[in-house]
Amino acid sequence: MLLTQLAVAGIQTGMLYALTAAGFALIFGATRVFHVAHGATFILAGYAFLEAMQMGAHWAIASLVALTVAVAFGLFMDMLVYRPIQKHEGSFFTVFVASFGAGIAMQALIQFFFGGGFATISLPLTRATELLPGLYIAPVFWVALAVVLLVFAAITLFLERTHAGLGLRALSENPELLRAYGLSARRLSALAFVLGSALAVPGAILTTVTTGIQPADGAHVMLVSLAATVVGGIGSIRGAALAGLVLGLVENLVVSVVDTQWSQAASFVMLFGFILFRPNGLMGRAGAR
Amino acid sequence: MIAYLVNLATLIAIFGIAATSLNLLIGYAGIFSIAHAMFFGIGAYVAAQVALTFSADFLVAALAAAVAAAALSLCLALPALRVRGEYFVAASLGLQMMASTLFAEAHGFTGGVGGLVGIPPARILGFDVASPDAFLVLALACLALTLLAVRTLMRGSFGRSLMALRDSESAAEAFGKDVRALKTLAVVIGCFFVGIAGALFAFHMAFVNVESFTLEQSVVLMAMVIIGGAGTLTGPLVGVIALLSLPAALSFLPFIPSTQIGTVQQFIYGALMTLLMIFRPSGLVGLSRG
Amino acid sequence: ATEPYVLGTLFPMTGLLSELGSIYTAATALGLEHVAQDKRLSQPIVLKAQDSQSTPQGGAVGMSKLANVDRAPYVLVGLTGVAKAAEPIATRAKVVMVNGGGVGPDLAGLSPYFWNIIPLANQELPTAFSWMKRNEIRRVALIYLDDPLGNALRKGLQDGLPAIGAALVGEFSAAPSAQQFSAMIAKIRETKPDLVYVASYGTQQTQIFKQLRDNGITQPLMTYSVGGTPSVAALPESEGLLFTSQVADWDAKDPLTRRFVEGWRARHKDNPSTYAQNYYNAVLLYAQLIERLEKEGKPLNGDTLREGLATGTFDLVGGRARFSPSGAIDMPTQLNRVQNGKFEKVS
Amino acid sequence: MSEPILLSARGISRSFGGLAAVQDVTLELRQGVVTALAGPNGAGKTTLFNLITGHLVPDRGAVELKGESILRQKPHKVALKGIARSFQDLRLFGSMSVYDNVLAAIEPTPWLWQPGGSSGAAARRLEVERALAATGLEELAGTRAVDLSYAETKFLSMARIIATGAPIWLLDEPASGLDPASRSRFVKLVRDATAAGVTVCLIEHNLDIVTELADRIAFLDQGRKLAEGTPAEILGNAELIAIYFGERRE
Amino acid sequence: MSVSIPSTATPAPAMAVRGLRASYAGREVLAGIDLDLADGEVLCLIGHNGAGKSTLLKILFGLHPADAGEVRLRSRALKPHPSLMARDGVAYVPEGRGVFPGLTVKEIFTLALWSASLDAGEGRARIDEVLELLPKLRDFWTKRAGQLSGGQQQMVSIGRALLSRPSILLLDEPSIGLAPKLFQDLLTPIRAIQQRRGMSILLVEQNVGEAFAVSDRVVAMKSGVTIYEGKPADLADHAKLLTLF
């Protein structure tokens, strides 16, 4: 039963990782921007949700507020930070540092207004009940499952049906050429940031109600997203999501064999191994070379 | 005040060495490592252990630190030979995270989260160099040595070969450059010097623990290189001075309420990082392109 | 002297433990205000604050500035790791450090300039054991942060539990950055404990409490003095949480306590925590030391302060206190419980 | 043909997935002879170069340099044995100056120090200057490669090869997109080199250049070598002409 | 589809350029270009390397800003912008590899359909039309463009530009890397639809032999200005041609 319990925990963590990682992967895949401030998007969304709830808003309204804030931040970064840098042929790392700086600033800002402690709200949703002897599952698990499946179906449908997915892939390869085709690289990149940032929202909300959120969480979210993006295969949103799920599972399941303090490191051992032995990732196409 | 400035200058020298050595990887060889704090840490722990158990002579400890860091850097060379670009960034990230956990868990060697305390004052050939001024001179000497070595290497054929393979690996190969050997050598040399920086750090702080060698430290080192100007000799040093003296300067600002001082500092620090990159994308020293 | 006296603080204003930093700062500010009102010193005390960023490195850098630029002879410090990193610098500059937050047992006797105004963790455990014995706790599971503090508590439990006929049935260590504990909790459930002892701090421990309760642990939860952080009380899941701490009687009638408690309530609309008490006391302590030095006509520096600490007795909130030669304050401890979002003493 | 065979690829094949890019091709390069590789797009010409230089490993076949096998050797080893090549997409060292592009190309070992000391270094500098003079790039020695105009990049690519002093040159479409004036300059460069005994293999679509320079033409189509001979023989072959220029064959 | 009316030269040119100037980082590359592209003509633009031909084409499609001067599309002055130009029936084939290496040929065509805002049914018809012109494309329809040979990529690039049935086609050195036959294979159908549909083509080429055979008019550029205009036949003499470079 321990294994089952661990697997359930792993799936729940993994689902949230999956969505957030998919958002990062989408942005990175399309724009080649290492958007490490994605972690800031995540905490912003979480705090926005919390604040709205505390002001007495309905959870649906609060979610909408979180969505708006996240998308606005993503667009802000795209238009006011990344675009000017890319105009000057800024290198990969220039963007990385800028994004990192923005993440720090955002974290400080949140801390300034909401304090550095962790914030959460207690809902009956997160109280686990004993489903089978020794197997505890909280209702939020089913909520998360439903949300994740729904969001994935929606995003996949959107990317496949509207050619936007194709446009985003083309964008990732050569934005200049995209313009020669008469398409707007700016608009596509904005789209990537809108979708990617929106994908961080469900994870942020669910994390806020289950484990709680704190300003320093951004770093962890960013790490997991980045790892999942690479393990999944750069350019593959589905791969990133799958890898996010796997990372969540590994993190929880290894606890059955090693001491608990190693559980985070396990994910990164896996990341390192993947890069050495399967550099294209779970679903990657383009070679590492 | 003088003592404070001496301390700051010593830290600048130490991080100057670390950033210069990272620049060898990022700026010249195109090896985008964000695991540099790991080797900084290895240097610091090895030097601390040598000082605690064997000899407080800086030369012995620093040599051991540098050699250990260089030897273990083969962990980094392995992915560098196999993958490039973002994949390598992720690989080094994985390595860094594993190292952080190991540093925190290997109580016997690293003292765990509690760290190693009571590192004896540094000596060189029997002379005491522990006074802040003497130690600053030592750190500056190491920095000068590192700068000189990197300058000589990068202006010479080794540097040209590295830059050639950074710009086009297949073309470099087509002109007889052994890519494997070059990359491995670049990694080993870079980590050798950061090992020395680690040793200086251990003696300077008289205390080391894992928190100084985390991913964040790696990213800050990288930020120093990029903000100063990757691929330039003085850039990393300028970046170090900027990033280390900024918080110091901010703490002198009179108008920040003391209860929020940290948060406000963090905000200004982060925002300046971003603004610098927007307005000086090639770094403070770097050539402006386009 | 015509220059104001300098009080340095090296608190975690950012980073993992910034919540504690703001409590420490608020208490220090209250203390300074009351000292200023008393007008018993020839010069005012000015505050020089440095952020330790909750990290040892930040601690070392901040201490260097306090010692060398601000010339603070007396510095308040917080966390165990930070204190240990800052100590060599302070000792070299002969700066007296007073710790009111860190409870790692190795903070005792760290240096002649290092003084604890908080009972260290090992001083709290006996109170916990006697409660366990009374309530027939046999099986204890431990979640500990893998740092000096967590390890010290682990050792304390390992050594002390057998004496009361109980055993440590599971030890689970958490990395400082860990936030997800459902897997660990699943394993804890397997050990069928009578009580879960949590030896972490900061935001992490609050998360642990919430997740323990969310994941079906109904057994009593216990921790050390850090349980007295306001965010713990604010969390519905902490209801019933037990924690040991120094004796803190907010209803005591002595004027020092009244002034402190009322001053705090007026500002923060809430009861103070023991941390607040400690740092408030640390400021009173400084004022009393200065007063004594002024009277004796001695200069104010690290060595005269140290001497004063070692020999004097002091009137502090909670009673008259003196320090042991190893630099630890002797204070009785008590067991508390979180009830309806408030801290209550367990009778 | 009496000149000795310097480089030979015998019966080499390579496929990508299901596609046989090069099938059982034999190519012999003789000392001082200019061999042109002709054939439609996708015939496998570039792939053949990659197989010779070690950038790709053949599935089957042998590659020999002066009778010694260089099969499965790493590209840098092959290069050090005296085979210099250009790339269809140039692959310059973009962020380096024109001068350093050439210098980096001829510094023999990748290690920390160079053999020959300062006299070796001086000799190499002379070599670089000669190559830049030959390609008309002296004035641009300090310019970064990414800032060059189109024709200049093409000539820099040639300068790197000239400076190596390699006896064998493999040139992949070195003159495509050049204007007539630059083209004649290019033709002269190759003529001078062959006069000095350099062996050249040239992929080129422009017939004027091929007829002007080539002693022999090897004709590839769909991975196979269909014919080899003097320009007169090949251009007189109606079937090949149809494939290459002619009316559609499908 | 309906048979288009054979074009007769109309007074308003399909595209006109007046006094166009442009620079890179302060260095002037175009120094006042005047050029008319008549309706239904193939205009071959020649010039030495670096003369500014590619820059001119980029400006016409809105990929590079002009410093001064005017661009008119059917006597309507406008500021070129890629999506605007695409909507107005201009298509541009850039110099070099105008394909996305990671996308399959099919996907590249889908992308082109998207930029031309064509619906699925119409799109299929257009694709069939292009495949008819360039039947070789079928052979590697589902391959990634990056794995194609240079010539194959060029074919894809031109095919995708034709998809929108442009009335003006800007072609930058399509012959680079193409075998003569392929270049012929490309030029013949282009010429055919050009004549059938009255499309105007601005063709930049170094391979004058093949290019002149399909051109109606030749303009030569030197160092950012036009220096010659005439019929291809007038330049049959090689020596005369060389004077232009």
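The letters A, B, C, D and E name the chains in turn, as written, and every chain counts its residues from 1.
To be clear about the criterion, contacts are C-beta pairs under 8 Å (C-beta built on N, C-alpha and C of every residue); 3 or more make two chains touch, one makes a residue touch a chain.
Which chain is which protein? Per UniProt: A, B = Branched-chain amino acid ABC transporter permease; D, E = ABC transporter ATP-binding protein.
Please read all numbers here as calculations on a predicted model, not as lab measurements.
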### Task
Compute the shortest path length in steps from chain B to chain D over the network of touching chains.
1
### Summary
Maximum distance between Cα centroids and chain D occurs for chain C
### Message
So, comparing C-alpha centroids, which chain is the farthest one from chain E?
### Response
C
### Query
By count of C-beta pairs in contact, what is the leading chain pair?
A-B
### Task
With chain centres taken as the means of their Cα atoms, state the distance from chain D to chain E in Å.
31
### Task
Give, as an integer number of Å, the spacing between the C-alpha centres of chain E and chain B.
52
### Summary
Between the Cα centroids of chain A and chain E the separation in whole angstrom comes to 43
## Note on the structure
Averaging C-alpha coordinates per chain, one finds the centres of chain A and chain D separated by a number of Å equal to 48
### Query
What positions in chain A touch 2 or more of the other chains?
108, 111, 116, 261, 264
## Note on the structure
Multi-partner residues in chain E (2 or more other chains touched) are none
#### Entry: Residue list for chain B, restricted to those that touch at least two other chains
101, 104-105, 260, 263, 265-266, 290
### Task
Any two chains that touch count here, so list every such pair.
A-B, A-C, A-E, B-C, B-D, D-E
### Residue ranges of chain C in contact with chain A within the complex
14-19, 21-22, 146, 172-175, 177-180, 182-184, 186-187, 189-190, 203, 206-207, 210-211, 213-216, 231, 235-237
### Query
Hey, which residues of chain D end up touching chain E in the complex?
16, 38-43, 46, 88, 149-152, 173, 176-182, 205-207, 243-246, 248, 250
#### Entry: chain B - residues contacting chain C, complex
1-4, 7, 11, 101, 104-105, 112-115, 117-118, 205-207, 209, 211-212, 248, 251, 258-263, 265-266
### Task
Mind listing the chain D positions that touch chain B in their complex?
53, 55, 74-76, 79-80, 84-85, 87, 91-96, 100-101, 103-114, 145, 160, 164
## Note on the structure
Per the touch rule above, chain E residues touching chain D in the complex are 47-50, 95, 135, 147-152, 154-155, 173, 175-185, 206-208, 241-242, 245
